[in-house]
Amino acid sequence: MPGKQLLMTFPVTATSHTLDDYRCRDGYATLERVLRQQTCEDVTREVTAAGLLGHGGAAFPAGRKWSVVNLNDGQPHYLCANADEGEPGTFKDRWILENAPHRLLESMLIAAYALQVRHCFVYIRGEFDLPYRRLAAAIEEAYAAGYCGERILGTDFACDIVAYRGAGSYVCGEASGLLSSLEGKRGYPRNRPPRLTVQGLYRRPTVVNNVETLANVTGIVANGADWYRSFGTPKSPGTQLVSISGHIARPGVYEVEYGYPLTKFVYEDCGGLTGAAALKALIPGGISTKVLTGAECEGVTYDHQSLAAAGSSVGSGGMIAIAEGTCMVRLLQVMLRFYHHESCGQCTPCREGTGWMHRIIDRIVAGRGRPGDVESLLEISRRNDGTTICGMGDAAGYATVGILAKFRDEFDYWIEHGRSRLMGKLEVGIDA
Amino acid sequence: MPEIFIDGHPVQAEPGQSVLQVALANGFYIPYFCWHPALSVAGNCRICCVQVEGRSWAEISCNLPVTEGMRILTDSDVVREQRRATLQFITLNHPVDCGICDKAGECTLQDYHYAYNGRPSISLEPKVRADKFHALSGRILLDNERCILCSRCVRFTREKSKSHALGIKRRGDESLLRAAEDHALDTDWYSDNIIDICPVGALLSRSFLYKARVWYLQPVPSVCPGCARGCAVDLWVRKPQWRLKSLAAKQNTSIMRVTPHGTPGIDGPWICNKGRDLARIFERPRALQALRKGQPVEYGVAVVAARKLVADAKRAVALVSNWGSNEQLTAFRDRLGTRFTVYIKHDHMPQSGEPVEDDFLIRADKNPNTAGAVALFGARSDRAAEFPADTDLVLVWGEGCDFTRLPRGVKIVFLNAYLQPENGHADVFLPVTIQMERPGHYTNGDGVVQAFVAAVAPPPGVADAATLFAALAASEVIPA
Amino acid sequence: MKHLIPEFERLKARFPAGFESSLVLPCVRRIQEDRGFVADSDIDGLVAYLGVPRIQIEEVLSYYTQFRRTPVGRWHLQTCRNVSCSMCGAERLIAHVGASLGIGPGETTADGRITFSTVECLGSCGTAPVVVVNETYHESMSIERLDALLRELG
């Protein structure tokens, strides 16, 4: 395993997701201790001191997000776990939902106590059927055992948790789009200001945290900030669940301690590339993070600082390994088709830009590319960067700019010759 | 009061204002499509970008709260480039069919293209096609290709008219404005406002479709007589220099459309659909011929006959019109007031299917100047049963009087503008002008006095009622 | 939809007061599970039950890819075509489904048994390519396993 573990600390069995098994792993002991012995401020202070970063993509410090909520404003506050894991290449939260749903619930109850939240929601993407059923069953178990509802564990603390299913929309993974959806509307993201911690769900202060971020709260509160900081690096404390896919020998979810060497993870822990191919490129954190070439991965450690220095980011932990021989033009085409399909259509640059880019790359792939097409793609990407309501416009641009910056020759070849230099292959090692 | 600097100039802002609001209030123009002063902030068009000094990027000003000492640039290189890029996006799939678009000449997109972009599209891709002439309601057509999805119309139906009649369906660049399937837009009595607030030519009025290029028209300030709210409106008629012999006479003089004048405090920028349809009231067949017991007579002859009836009456009752202007009502009081027992007649009552009253603009009194009439004559009922028993003459001014309910045997002098069956039943009938043919003032239900001006010349053979009252009171006949 | 109201009431009890609008998505999903799609009469019923504007439900139905207002086949076969799946053979799978069933994405077989769609990332990238039949994930698919699956559904 790539470093020490915080979450994947137990063997996954046919029953490891149940309450009984969770209790055997000291489940809900931390909640009980918090409710009996700690104040709201204690919890937030510990989470802040631990330096827990958001694990959903933006890496915003969780403690800082929490501390914006004014506990004495006399209005309801809401907490929402973001389980709308939709960033292509990402399936790590699914592991928690399927195998450790009670860990999420206990953490949410602790967070709800800290933030004085009466109603919590888990917004789970509509396609996740098994994860939803596991989570819903866990919620029922928690209610039956008195961990949810009124007078939790005999204290005055009361909290309800609802599992809320999305219905197929990538932008609902963006916190404000998620809240629009949770209000029973289209998943239109919202302009900031106001921040969601000031006006979120139904205009009430709302904290939206990624599933994995929340799942770490129990451990931090149980063992203390110093213990959490003993994992990872000083600036990137803790671990990251990494889901790796693509041309990789052993795809799946791994818990990677921050600071772990990137190529060691790919080649040793994941068994290298399919068919022992060479690493052409690596997408480190979902397709919206900038791609790294195989050479750029050398010497990089898996943490926020090292990946940023290499020109990319941890993102959502959705790693995609790309073998030598893969056609990057076709790869970008698949990505741009996705962004075009998922743009909510609310604001101008993303609504028009994603379709525009998709049509340009379709034309290139159809052999009708023209000089200037690559410049157009770059210009559209630039005009989406930071100009849209949510980060989706930026994301489409990052993916495009990342690939064009490093694999431009493949695009120029296709435009000049009307065909791919790599036969348009996305699969490698298979004679298609 | 925070002080901010726009393009280097210090301006005072109210706390809570956005940069866009402060800029517009202080004479700095920032372009905007989706923002509207009376609607919530959507922040979706992205054209209103500005640069905060010291930052390398442009951000939208409609959702940027002012902070003390903030320094804003509205026309920096960064802003100019971003605006141009945004216009490239907006026009990417826009058909640019200004040549056949009713909005041309008053289209925000057209103006901004010339002001801020001015370049041909850099796109090589074919435009995404969408629906043309999609019927949103019986009154409004939608051109989805022209629509820039600013959502102003959607927000209007949710925040103002509250019909929730519109929404945006599907997503991405396939998003389409659509009417709710329960046809709520057909019963939204304020629906036509969305045509005005559409910044492009996407929403089209069926009644104005292809009727005139707007630059041939001029707005004439007027007051809607549809109810006691008295919304300030503009009646759009052909400019005198563009009245063409080749056009039918009616087209040269008719009301082509009605829009809100936007008087602060009375109706804001909105009017109801009844106001849009003033032509249906004003352009009914007109009475152009004076009558005596149903027989055509010279106007002067009719006036003499009427004057004699007035002079001979022992007990004369007048039913004055609450569609009369303050000037006309005053003329009646000054010239004839002492000779008549005066009742205020309600010319119009709510029609079937018409909303009687709501909590937005529409008032139950379907007449423009009841308050003006009451101020002069007091609030007396116009019910015939309450007329003095010895009434021998009734002067009826305006519509809405059922002659069969007048006391039997009384003489009737009738002043009316429209061709109606009652005209022939009066002892003397005198055709008069309508609101759009003369200037005047109305006092609305809240006591606000508003002016209207003449939009067109009166047809030959009719007189202003104010002139007639003088004639009826005078000893000499004044020719019409 | 009326027979589902007792279920909706239980759902409502978990939400704070004033969250009726939030019930649109779960109610629509439940109706679709029940009927296979959302009929116009269901929308009317939901408008009456939740007191939300009809347009909100119409927008939601047209915005989310999982909701539908027309019936699909007995089996709804969806193949992911996003990055990781395409890198592991999804494009060949899609072509193979099309050839085997004689229909393209978005179409239903003449006998109404199978509707075939392509979808974007389903969060199953590590076990790519993935095919979903109704709600069930079939992961690490190959042409052979797909043939077996189609025989099972056929």
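Just so it is clear, A, B and C label the chains in written order, and each chain counts residues from 1 on its own.
The rule is simple: contacts are C-beta pairs under 8 Å (C-beta built on N, C-alpha and C of every residue); 3 or more make two chains touch, one makes a residue touch a chain.
None of these values were measured; they are calculated from a predicted model.
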Starting from the Cα centroid of subunit B, hunt down the chain whose centroid lies farthest away.
A
Tell me which of A-C and B-C has more C-beta pairs in contact.
A-C
For subunit A versus subunit B, what separation do you get between their C-alpha means, in angstrom?
53
Can you check how far apart subunit A and subunit C are, centre to centre, with Cα atoms defining each centre and the answer in Å?
23
So how far apart, in whole Å, are subunit B and subunit C when each is placed at the average of its C-alpha atoms?
49
For subunit A, write out the residues touching at least two other chains, lowest number first.
169, 186, 341-342, 344
Could you check subunit C for residues that touch two or more other chains and list them?
56, 59, 63
By residue number and range, which residues of subunit B touch two or more other chains?
168, 170-171
What residues on subunit A touch subunit B, complex-wise?
169, 186, 191-193, 340-349, 351-356, 359-360, 363, 370, 373, 376, 379, 383, 386-389
Which residues, counting only subunit B, touch subunit C once they are in their complex?
158, 164-171, 178, 180-182, 184
Can you list the residues on subunit C that touch subunit B in the complex?
40, 43, 47, 53-56, 58-59, 62-63
Given the complex, residues on subunit C that touch subunit A span 14-16, 18-19, 21-26, 28-29, 52, 56, 59-60, 63-67, 81-84, 86-89, 91-92, 119-128, 132, 135-137
So in the complex, the part of subunit B that touches subunit A is made up of which residues?
41, 43-47, 49, 57-58, 60, 63, 65, 82, 85-86, 88-90, 92-93, 122-125, 128, 148-149, 168, 170-175
